[in-house]
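Paired with chain B in one complex and with chain C in the other, chain A is shared by the two complexes that follow.
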Partner chain A sequence: MVRQVLRRLFQLLLTAWGIITLLFLLTRTLPDDQQLLSRFTDTTTGTTASGEQVRQAQQARLQRLGLAEPVFYASRATVPIDDEQLLISRWHWNGTHNQYHHWLRDVVHGNLGRSYRTGEPVAGLLGSALLITLPLSGLAALFIVVFSLLLGLLLASRPHTGWVAMGLYTLDSMPLFVVALLLLLLLANPDFLTLFPTYGLGLDNEAATSLPLILTAPAYAVLPVASLVLTGLAEPTLQLAAALRHELQFFYILTARAKGLSSGRVLRRHAFRNALLPILTLYTELLPNLLAGSVVVELIFALPGLGRLLADAAAARDYPVLVGGVAMVVLTRQFSLLLADWLYQLADPRIRTTG
Partner chain B sequence: MKSFLSGLAAFLLCGVGLTACTTPSAGPPAVRIRWAQDPQTLEPLTATSSQAVEVINLRHCSLLAGDYEHGRFAPWLAESLPVISRRNSFTLLTYTLRREATWDNGQPVLARDVAFTLKVMNCPRLPTEYSRTQYGVILDIELDAANPRRFTLVCKGSSQNVIIASGDYLILSEHSLDPEAALRAVPLPLLRADTAAALRRYPSLLNLANRYRSIPPEKQPGCGPYQLTAWAKNQYLRLQRKPNWWGSKLNKPPRWLQAQAEVLDYRIIPDNATALLALRRGDIDLYPEPPAQDFNRLRHSADSTKLLFSVANSYDVTMVGFNTQRPALKDPLTRRALSMLFDIPGLISATQPGLAYRSVGLINPHDKPAYNDSLPLLVFAPQRALALLSQAGWQQHPDKTWWRNKIQLVLNIIYKAGAADHEAIATQLRTTARQLGVLIKLRPQESTLLRRQMQSGNMDMYVHTLNGTPYAYNFFSIMHSRGIGMINYPRFQNAESDHLIEAITAEPNPLRQASLLRRFQVLLQQESPVAVLYFARHRLIASRRLGTVQAISARPGYDATQLQLASARQ
Partner chain C sequence: MRPPPQQTTSFGWQQWLAVTWLGLLLLAAVGAGLLPEQYLAPDLLHTSAPPLTPNHGLGTDPLGQDVGMVLLFGARVALCVSLPAALLAAALGTLLGLLAGYWGNQRLQLPACYWLSGFLAAACYVLVTVPSHGLVVWWWPLALGAVAILVGRFLSCITGLRKPIAFPADWLLLTLITLLAALPRLLLVLTVAAASEPTFWGLVVLLTLTTWPQSARLVRAEVQRVRQLPYLEAATAAGLPPWRIVRHHLLPNVWGPIATTIPLSMAALIALETTLSFLGVGLPPEIPSWGRLLAFSRVAPDAWWLLALPGLCLLATTLSLRQLLPVNKQRSTI
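Our next item is the complex of A and B:
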């Protein structure tokens, strides 16, 4: 068992490492010369730097950030052939003096690098963003699981609940940003209802209120969490209802009913466990999906979370932050797959991964 | 399950109830301003965003400040504009600092702080790539032994831009960042010329660089009117006016030395719809640069009585540029023909109703002396465009397409993806051109990619908004042949134009400079490397808590030092 878990863990880390390496190489091969150039060109007063001066400044910046070194252990370079004064393209071995090696060495030591924009450690930036995103996504995931179980059982047990399914299909067809804006315009709008705050976490109002954050934060979390829950609820609910209806057609259900069990008991005690299997993957992928989808909610409700951090980093070509953030999402997804495997075995002991 | 549902209901009720509690009852004394994004860093050497520049200018001072009312630079930390003299081929600019100017701890701002700043801007192991180049005209600084507030900058060049560059960087505090005065012994010319030699001779430079990096920029002391009291990244940033702000001790302080608001509270709200709701609910006081449609809708709604609206002519010009190095666009006639396909009044009323105005060229029409009002505005004349195309040697085939030297007139136009006004311009051009048989392909691009494409000339046409300033005209980077490969996006190369740009930059006399600018506009209209569509107006919406608010021509469209709560005015 331990060997099997270790083997699975090794596979998981290998996959994550492969994806992150690919991302690292892709980002580092994209030129990043626009930030400094824009600073020179946006300056419309004072002296004007020449093209050559700007190129020198860009080279100095690359040197400072360690981006002037080769990207990988081997690279293709054009070298002259002395005799015939010709150029030829050849593979060149760069040794350990390359950006990837330095980055990997730092990562192994727990250092994800520093943001190009702010100079702050990437780990710190990710950590503070996660403090917002994790509670938000975790709460949304919890609500989705609970509500989908309740609604799934309701849809499977009651024949006249088509309107619920129709409502869920409607929600499923709506993009997250539409749902978030609708909630905002309905429930935080002076023209309709002003039940909830418009944006942020209320930290900027600390001077105006004497209530501690733990009491004020729920009010600010309602709309963002509701947006995530409403758009994420339909799929697991409808899948669970379909799986339950499928299970209810089997003979063991008939046997249970023949024993005199109530419909609810048959549904919950007998059909439910078997019906749960197909949607376990959906549940375990909730968190990584919500992490990735939080960017929309965080932008609309002005929350300083992981999604916004990654969106800003991508727009500003802040590659260390981008690679660190994506690595976190990749690892979360890999662990969710591992969790799904484990839950499968827990739900149905007949399922065993063979060596 | 019932208990869960009850818990959930209680949670929601709590949320609703506490919202009422968290709504400020009396209101804080702060002026709350909406920002779309966080400044990210307040490091003076690397900060690029307009938000960062705004905060830095409220915490620190430069020698000179932009006087947007009169469109010129004026003394800020300096007592007066520099006294100019010559020594061989160098220009000497002698400044004297204001007697009243002090740091946060009350120590006076001295000439040695300016010398320290210039050395930091050239110090190895610091992110000085921009400052080394941008302020490279300052070769040396000479301190006056008799007056600790007086110094002379030795500069190369003598243009107005050199004078602006000599005073356009904020001053850092030597006693806080270099208490051991390690930089005093290092000559500025050595730091500028050979950093490796400077490091060998003065190893203490490394300690200084480490010390500088170890102090967070937000904790660096400043000599400006405000201090940073709180900053939660991507949430808010709060500035508090210094209790003994030295500017208030001046007799009739100029506008840039005033600080009206006691507290400036910047709220970071990325989404425009959310920001608008926050303004209408009274959660923020100032919403700068709302989308034109939102601004007009709100101005004509019931909310107009609860809010204040202000607009000001800006120097932000929207244009379509032609890549003059492309064979199809090499001749001015073709470019002029294409310029006639823009329905500019229609575009303004569709995208910026009442919030943009037309111009014959790159000069703002409100700059009366320099604006050449004898030139005609661009007209929407597709039939005249056809005649011009024929004149340029293009021939129309039976299938209505245009050909010249076996090249078909098919062009692509790039613009920023998601910019509705730019997209409207490109779409209108495509529709009109298609009716004439000219095929235009739309290529929306992500902003960094767009900039790269324009820089490398990998396009036929582009839509661009150029952000100008009221202070000086500098066409070197955008129209001089030296700017090709940088932001001379049309890749425009013309000997007469280059000569004129150089003359405009070097001319100290405003009247003669205005005359040169008028000639430059004539040349640009003849050559048509760009079709200038309109200048935009800055716009502000504010809550009535502010009493009055005035949009300004310079970016960001408002003057934070002049904002004040109505209650504080009484």
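Our next item is the complex of A and C:
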């Protein structure tokens, strides 16, 4: 059992390492060095500077961004083709003095590098962003689980609830950012209805209002959480309803009805547990998917969370922040896979005995 | 024999509506290609004009571009990105799923000596090159291939090296899918798009490379199911070559599942493309897109037409694409 868990853990970490390495190399090799430099340096070189000075200044900037060294252990050789030599090596060996090696060593030590834009450590940025994002996505995940269970049971037990399913379909067909924009412009618009505050978390005017943050924050969180819940609700609900309807065709349901149980009890105690199996993964995937969704939601509602950080980093090509944030989401997804394994063992005794 | 009732495909008013809308969209996409680009030129005298302004029936955005024209050109972009990407992804997924499903982990076997020589030749090719120009470029890989086959032949004299080793095609496919699924698709595309600042076709390729796993999974499952059936055993026993079995006995089974994925992945791709444009990392900013129009509604919160019109187009398109499928398949794949 322990060996199985350790093996699985090793697999998950290997996957995470693979994809993060891939993204690191992509973000370090694809962009053009000169464009990056002009993006992240505000100093304009004067017309009097000599070519040598400009070159040195560029070298210094590359050094500051950590881009002066070669990217990987080996890089493509750029030796001129020499007709005398018979075999030419395609690669140039750089040893351990390369960006990837240093980055990986730092990551293992918990140091994710520094932002290109502000020079702040990425780990600190991520930490303060998670303080906003985790409550937000956690709350949204909780609401989605509860509402989808209730709605799924309702859809499966009552006929004539087609309009609920239709509404869910419609919500499911809209991208998250459209729903969020709709909510923002309908319910937090001075020209229309101003039920909720529009932007941020109200941290700035905390001094002005005497109310503590714990009382003001919920009003700011309603719309972001609502847009995440509305778009995330459809899939688990419809799948659960379909699974419940499928289970209701079996004979054990007839047996349960025949021994005198009420139909609600049959649904909740007999069909529900079997119907839950195929959608457990949907629930464990919620957290990583909501983290991805927060990219859009936090940008629209101007919340200083992980999603906003990632969206800004992507738009500004601030790659250390981008890769660091993405690494966090990758780890979350890997652990949600582990959680799914564990939940399956808990929910299905057949897996427990064979595993 | 009575056919089961749920198999009958009803072509109700929803389907007619869906087909009509998609037809209009196609017409708009083709029509926008014929219109000159100057219709997109900003009208600086009427910025953020509401609908029903003279000359601008659907209003203008904060830059002064006519919303109707941007919607028209945006429809073209949405279709031109999502349709090729969906078709290419389906094709790539079908190919990989077929190969992995047919070969599995055991069925593609080669003697160990050929693995050894092939590996050595590949390592040689990757590590060193020879000076060559023009047509002569090809002699190095060709020579390496020939040498690899000869060395393999020679090594096969050693009994120990004749043991067949299987090529784990299925395992490779699953590993690749796991790697791609390690990150939600929006974030994966966002990161790569931010790193490469893709052109139009770059974006299509990027979307294709992140969309194929769905169809590959479906095809692989279908092939694994069919491979157990007696008629395939009969085909194998009749001595048909593998490509013929794959082409004539496996591929026809796969069309059904693949056809259902194409509208769904198109809907998901349109949503993804608009989201990318909204975030400012998708297509280059001079290409009109529904997502860019929606992004303007953040800047101008009182301009409801900047949200309502592209939002309605997006909703109608996604719903129409889903209506093309049988009722039990209309689920999202995002």
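The criterion applied here is as follows: the second predicted complex is superposed on the first by the 312 of 355 C-alpha atoms of A that agree within 3 Å, B and C clash if a C-alpha of one lies under 4 Å from a C-alpha of the other, contacts with A are read in each partner's own complex, and residues count from 1 in each chain.
Here is the rule we go by: contacts are C-beta pairs under 8 Å (C-beta built on N, C-alpha and C of every residue); 3 or more make two chains touch, one makes a residue touch a chain.
A quick note: this is a predicted structure, and the numbers were derived from the prediction, not measured.
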| item | value |
| --- | --- |
| Touching partner for A:Ala234 - first (chain B), second (chain C), both, neither | second |
| Which superposed partner A:Val54 touches (first chain B, second chain C, both, neither) | first |
| Touching partner for A:Val71 - first (chain B), second (chain C), both, neither | neither |
| Touched partner set for A:Val222, first chain B, second chain C, both or neither | first |
| Contacts of A:Leu261 with chain B and chain C, given as first, second, both or neither | neither |
| Contacts of A:Ile19 with chain B and chain C, given as first, second, both or neither | second |
| Which superposed partner A:Pro304 touches (first chain B, second chain C, both, neither) | first |
| First (chain B), second (chain C), both or neither touched by A:Gly119 | first |
| Partner chain in contact with A:Val107 - chain B first, chain C second, else both or neither | neither |
| On chain A, the residue positions that both chain B and chain C contact, one per complex | 31, 181, 184-185, 189-190, 299-300, 315, 317 |
| Interfacial residue positions of chain A with respect to chain C in the complex | 15-16, 18-19, 22-23, 26-27, 30-31, 81-83, 85-91, 169-170, 172-178, 181-182, 184-185, 189-191, 234-235, 238-239, 242, 288-289, 291-293, 295-296, 299-300, 310-311, 313-315, 317, 319, 322-323, 326, 329-330, 333-334 |
| Chain A-facing residues of chain C, complex | 126-131, 178-179, 182-187, 190-197, 267, 271-272, 274-275, 278-281, 294, 297-298, 301-302, 304, 307, 311, 314-315, 318-319, 322, 328, 330-332 |
| Contact footprint of chain B on chain A as seen in their complex | 31, 34-51, 53-54, 56-58, 60-61, 64, 117-119, 128, 143, 146, 150, 181, 184-185, 188-190, 194-205, 207-209, 211, 215-216, 218-219, 221-222, 299-302, 304, 308-309, 312, 315-317 |
| Chain B - residues contacting chain A, complex | 1, 4, 8, 11-12, 14-16, 18-19, 21-22, 24-25, 27-28, 30, 37-38, 40-41, 43, 46, 48, 66, 73, 127, 129-130, 132-137, 157, 161-162, 164-165, 168, 213, 232-236, 238, 265, 267-271, 273-275, 277-278, 280-281, 283, 447-448, 451-452, 455, 467-469, 471-472, 474, 476-477, 482-487 |
